[in-house]
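In what follows, chain A forms one complex with chain B and a second complex with chain C.
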Partner chain A sequence: MSSSTASRQASQPRTTFSPGVKAGSSLRRRRDNLNGWAFAAPFLVFFLVFLIWPILYGFYMSLTGKSLTGANDSLIGFSNYAEAFADSGMWRSLGNTLYFTVISTVPLVLVALVMAALLNIGLPAQWLWRLSYFAPFLLASTVVSLFFVWMYNPQLGLINDFLSKFGIPKVGWLNDPNVAMWSIVIATLWWTVGFNFLLYLAAMQNIPAQHYEAASLDGAGAWRQFFSITLPQLTPTTVMIVLLQILASLKVFDQIYQMTAGGPGGSTRPVVQYIFETGFTGYRLGYSAAISYIFFGLIVLVSVLQFVITRRRSA
Partner chain B sequence: MAISTLTRSTPATGSSQVVRQPRKKWTVGKIAAVAVAAFIAVLWLIPFAWATVTAFKSEADASASKISWFPPSGFTFDAFINVFQAGNIPLWTWNSLYTSAAITAITLVISALMAYALSRIEFKGKKVLMAVIIAAIIVPPPVLMIPLFYQMLALKMIDTSWAIILPQVIHPAMVFVLKKFFDQIPHELEEAAVMDGASRLRIFMQIILPLSRPILAAVAIFVFIGAWNNFLWPFISTNDDSLLTLPVGLQTIKSAYGVQYAQNMASALLAALPLIVVFLFFQRQIIKGVATTGLAGT
Partner chain C sequence: MKQFESLTGKSLSRRQLLTGSALLGGGLLTAGLTGCGGPAGAASRQTINFWHLLSGGDGTKMQAMIANANQANAGFKVHPTVLAWGPPYYTKLAMASAGGRPPEVAIMHASRVPGYAPGGLIEPWDLGLLAENGITPENFAPRIWEKGQQGGKVFSLALDSHPFIMFYNTDVAGKAGLLESNGRLQEVSSPEEFKAMALEMQKITKAHGLSFGYLNLGSQMWRLFYTLYKQHGAEIVLTPGKPMEADRDAAIESLEFMASLFDDTIAAKSGDINTGIAEFVRGDSGMLFSGGWELPTMKKANLPVDAVTIPTLYGTPASYADSHSFVLPRQLAVDEEQRKDAYKFVSDVLKGSLLWAEAGHIPAFQPVIQSPAYRELTPQVHYANAADIIAYDPEAWFSGSGSDWQTYFAEHIQNVLLGRDKAVTGWDGFVARTNDLLSRPNPV
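And now, the complex of A and B:
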């Protein structure tokens, strides 16, 4: 809609934006200053109160011994940070988060790519595939957790029952510390892969058809076309999806908290849960704020990396 | 990216349509592709199917050690009736609905105004402001939970709907999605209005907003789904049973109902239903909306 209006408008002679520019320019500038901040004001109020202030205040908290019981509000410098760096619980949860990020990002990107590539071949009933791959993304984490806890049930669960038909012994999907994180990755894959799938599909459909036409004239088959046209054309999209997925996976909390509560034996507890428990179960707000900031540092690091990579690509 | 997705149906970029058109020939490769796609689709539907079958079983059948897709004592609505009699699901659904609607409405209004200022008005401090908002995109919500909770305690908002709503209305990434769209709207459209002495607000309301419906819808969809499904912050900010949103409420039944599998699945399905129904009706818009806003980050 807007592009058709654009072409119509462009053919008309361009009028100056404001009448009497010279005479009223300082007046106009003042009015623009006023207007600009007036339009920005509503967003800024929320932004300052519910984002900037908590960030700054959180940092201040991390330098105090503040607790929910009201004890010790005084500044204690960076000793919370010193304690955190020596805290094996924090390192273990940070390690769990990183482990989850690595083993979830790979399938979440690859399976999404496969799904999109299959649909892009031009299968019939496009809406049906989209619906079935994307629908889980619309579920709340708690719904996903209820579904999977039930299917993972060692005695009554669907999955162990299916495996038993092939003589495979019962697996403690959420009770076995060696398996639990993988079970959570499978549930997460089912839940959110549809999002990456849609991003890939949109990107594939933006690849100009001429590329494929030229390739098929040269006798390139479907596989050849996928690897020599589709994949290279998708590189910027892939970079973005991988980075966004890493950032999303680093924040993991909901489904783990709901399915295993971090167990068994802390083997799946992510760092966000450690922050949550330190603050709300352990009442140590100052200390948990410090861990929040260590976690924040990690996110900033990945984000800066993302910024540098995307900058270099577009430059 | 955002714009190209939205305008894909215009003649100028219509050539990419060719890719989407199914080639009519049924080759071996294509049949194989359908088979793989169907296999994945079946895998993806199993959790829904199993939850549905379980929800329509009696509790005895649901917890029977022999697993059945067709229960020996037949299907029954008992689990749904019990869940409704407990009365929580309708209340939680309502709570989710009005908090998510409020979050979406406030987000749209304040983000669109902000985006308009960044796109169209030259004002002092704009560059700094823009840099700060861009930087804010990377702030992960879990980092804010501790100070925000403390702040809400101080504001005496804990255990009110405001505690759930207000911190969720800031979406810096969406401001930039909107700004990018506004940037593409030709300035000429506004110039005539400016010559007539129209105020900025009138130009914004009568020219910019009507042209921006697709992007506003996309942002609304993205924000609404996020708010509807958000767990961590509503979980922290409310203890009051009458304020629980669906995702948080469901977390409480897991412990309350214990081993009543049929009821658990009935509750989960009832909670999933609203968005699935909306999706069935607005599939095209939702898919387009997610593809448009998705790469902007969350």
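And now, the complex of A and C:
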């Protein structure tokens, strides 16, 4: 309120200039505009060349039979899309991506919340906890994959070695089609939970202390306070984290490609890898562009759904 | 592509740009426009860019052969780029060719050429120019020379054939009483005899008779399968638009035999390729199915080792193999001088490929094979017959070493080998997957 009045006052002198200077002011506005565009130009160039143009060109490509070898560049309409909708390989990999998204998003949000809450009740050496929770996030995906490939090794790995001390039989962490995706989720959880944790912690520290004071005066215990104050106050953060997490999980590729290359038996191949294989090792750029756009449509759909749900909730 | 061509002018390569700028004192633009006729290479050595995917024991041999060629030729210097085996290499080679910035020479597996040649990613070799450098068709075994051709033109020039063979530990075999008087392993000719031999060796090692690691590696499963399948005298024919033609009974028999080996007595139930090699090197098994290119590993370990082609268990001798071959990626504009140097380099390497035999490969250049020096190389000469019974991958745009097709094979066959699926289920699944590929538009 106060700021808007202030700005109105500040802008008053401009509008009360005598009509004679009007031409000069429009000239200045144009110059301001030019300066603005000049400053924005470097970004705009990159935005157009590396985002807008590829999006448009990719869509055009999805309507052609373009191949990496240069054969058959002609427009073929929507037949790539028709082929994709009947392609069991695409549906299977899309299913894998969705499966990964579901089973990774839930722990990545819940564990982050628990970690932040534990830290927020006032553990000593806060910086150490913050550092150790967040540090894995700074590692490259290649490093994380190597760590886990070694630890998951069925014969020599740390994990099976540890389990065998309790008489638990060897698990084929990355070799068993029923287990492999879960193993990747565990690795991903360790790797990226720190980011969500940090967002939650920042939000928790922003909840005014008097809420808790008032609640404890009214006799509310720690659990009651957590469920009735902390969680509701965190709702906007939770919505944002879930949205970001879903989008990040849908894009999964690096760690899977490096840990299992989509195996065993194609049970972990995400759709991004299928796009890569179709286009680059299978030469079919046009067809892989079509699958990308189907996937893109799915992501837009998820984002819109999310948006609608959160709007309804906040309204 | 065309845009790229017009953007860069006639034939502005980096080398020309550099020589041009040196000669004209910074007149870069002028150099670009007139670079074609510039006296390149007169003062400085040309650079020949050469890409390959050999990074193991054979990578060092390749490095030595390149150094030899560089030493023998004052006119050019070969600059090698080594990329990771399999999809990383082939995607980059295809992208570089499509993008107009490929190396002057590259190595490809002969089995991958059918995916490259028809689309125009590589150019045929000029037989006249080859002959000038002393390379003629007669220098190659007919089967290998024929493999380099597509539509009547020679697209790839084989450096070797590298078969899938059987190493055996002569100590273990000797103690098991399985050696002939000449010190070579007894021949077996049926699956039962082979298993009996493996069991004899197992009694000596107390661990396993045979090592073969395959987990999560389609190429490895395919190599053994295709050897056994071809031993039935059967073929696989892949024609786009038609279902795959194959001998189902032969395939299932081969798969069932493979699965029966992994019983934790003859061979370990599961293990990846490195576990298999390590087990054999430790002496915990008497035999190893492996590529001949693992020979340097065995030599380094000082293992008492000999090698033979995979025993003929189903009547027809056959040995899965591929050939590392030289190809000429398509250039936007060919620099004749540079191309001549590339021919000279390749012919030098072929003539000096005795070094290559030390890495376990069988040189394709016959004068090397017939030389007394090669005849003295053991165990290489003991499996050199593989070149005569060579079984290359069935031809299609999607087949070949390190292709996705081999991954699809693994997706259906691994569970058969692990005893989780029946051979019929695995094979039929793989056939259906292949038929799906064949029904798709052919991108080359």
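Here is the rule we use: the second predicted complex is superposed on the first by the 282 of 315 C-alpha atoms of A that agree within 3 Å, B and C clash if a C-alpha of one lies under 4 Å from a C-alpha of the other, contacts with A are read in each partner's own complex, and residues count from 1 in each chain.
Note that a contact is a pair of C-beta atoms (placed from the backbone, for glycine too) under 8 Å apart; a residue touches a chain by one contact, two chains touch by 3 or more.
This structure is a prediction, so every number in the text was calculated from the model and none was measured.
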Touching partner for A:Val308 - first (chain B), second (chain C), both, neither: neither
First, second, both or neither for A:Ser67, with chain B first and chain C second: second
Which superposed partner A:Gly263 touches (first chain B, second chain C, both, neither): second
Dominant contact partner of chain A by residue count, chain C or chain B: B
Partner chain in contact with A:Gln155 - chain B first, chain C second, else both or neither: both
Contacts of A:Phe280 with chain B and chain C, given as first, second, both or neither: both
Contacts of A:Leu199 with chain B and chain C, given as first, second, both or neither: first
Touching partner for A:Leu75 - first (chain B), second (chain C), both, neither: neither
Intersection of the chain A residues that touch chain B with those that touch chain C: 155, 280
Chain B partner contacts - residues on chain A that touch it in the complex: 1-6, 9-10, 12, 14-19, 29, 32-37, 39-40, 42-44, 46-47, 49-55, 57-58, 61, 66, 114-115, 118-124, 127-136, 138-143, 145-151, 155-156, 158, 161, 190, 195, 198-199, 201-202, 204-210, 212, 222, 237, 240-241, 244, 247-248, 250-251, 253-254, 258, 272, 275-276, 279-280, 285, 288-289, 292-293, 295-296, 299-300, 303
Touching residues (chain side chain A, partner chain C) in the complex: 65, 67-72, 83, 88-89, 154-155, 172, 174-175, 260-266, 277, 280-284, 287
Contact set on chain C toward chain A in their complex: 1, 87, 90-91, 94-95, 98, 115-116, 118-121, 215-216, 270-271, 275, 397-398, 403-404, 407, 410-412, 414-415, 436, 440-441, 443-444
Complex contacts: residues of chain B adjacent to chain A: 4-5, 7-8, 10, 12, 15-23, 29-30, 33-34, 36-37, 40-41, 44-48, 50-51, 54, 63-65, 67, 106, 109-111, 113-114, 116-118, 121-126, 129, 133, 136, 138-151, 166-167, 169-170, 172, 175, 184-189, 191-192, 194-195, 200, 204, 211, 214, 225, 228-229, 231-232, 236, 246-248, 250-251, 254, 261, 264-265, 267-268, 271-272, 275-276, 279-280, 283, 287, 290-291, 294-295, 297-298
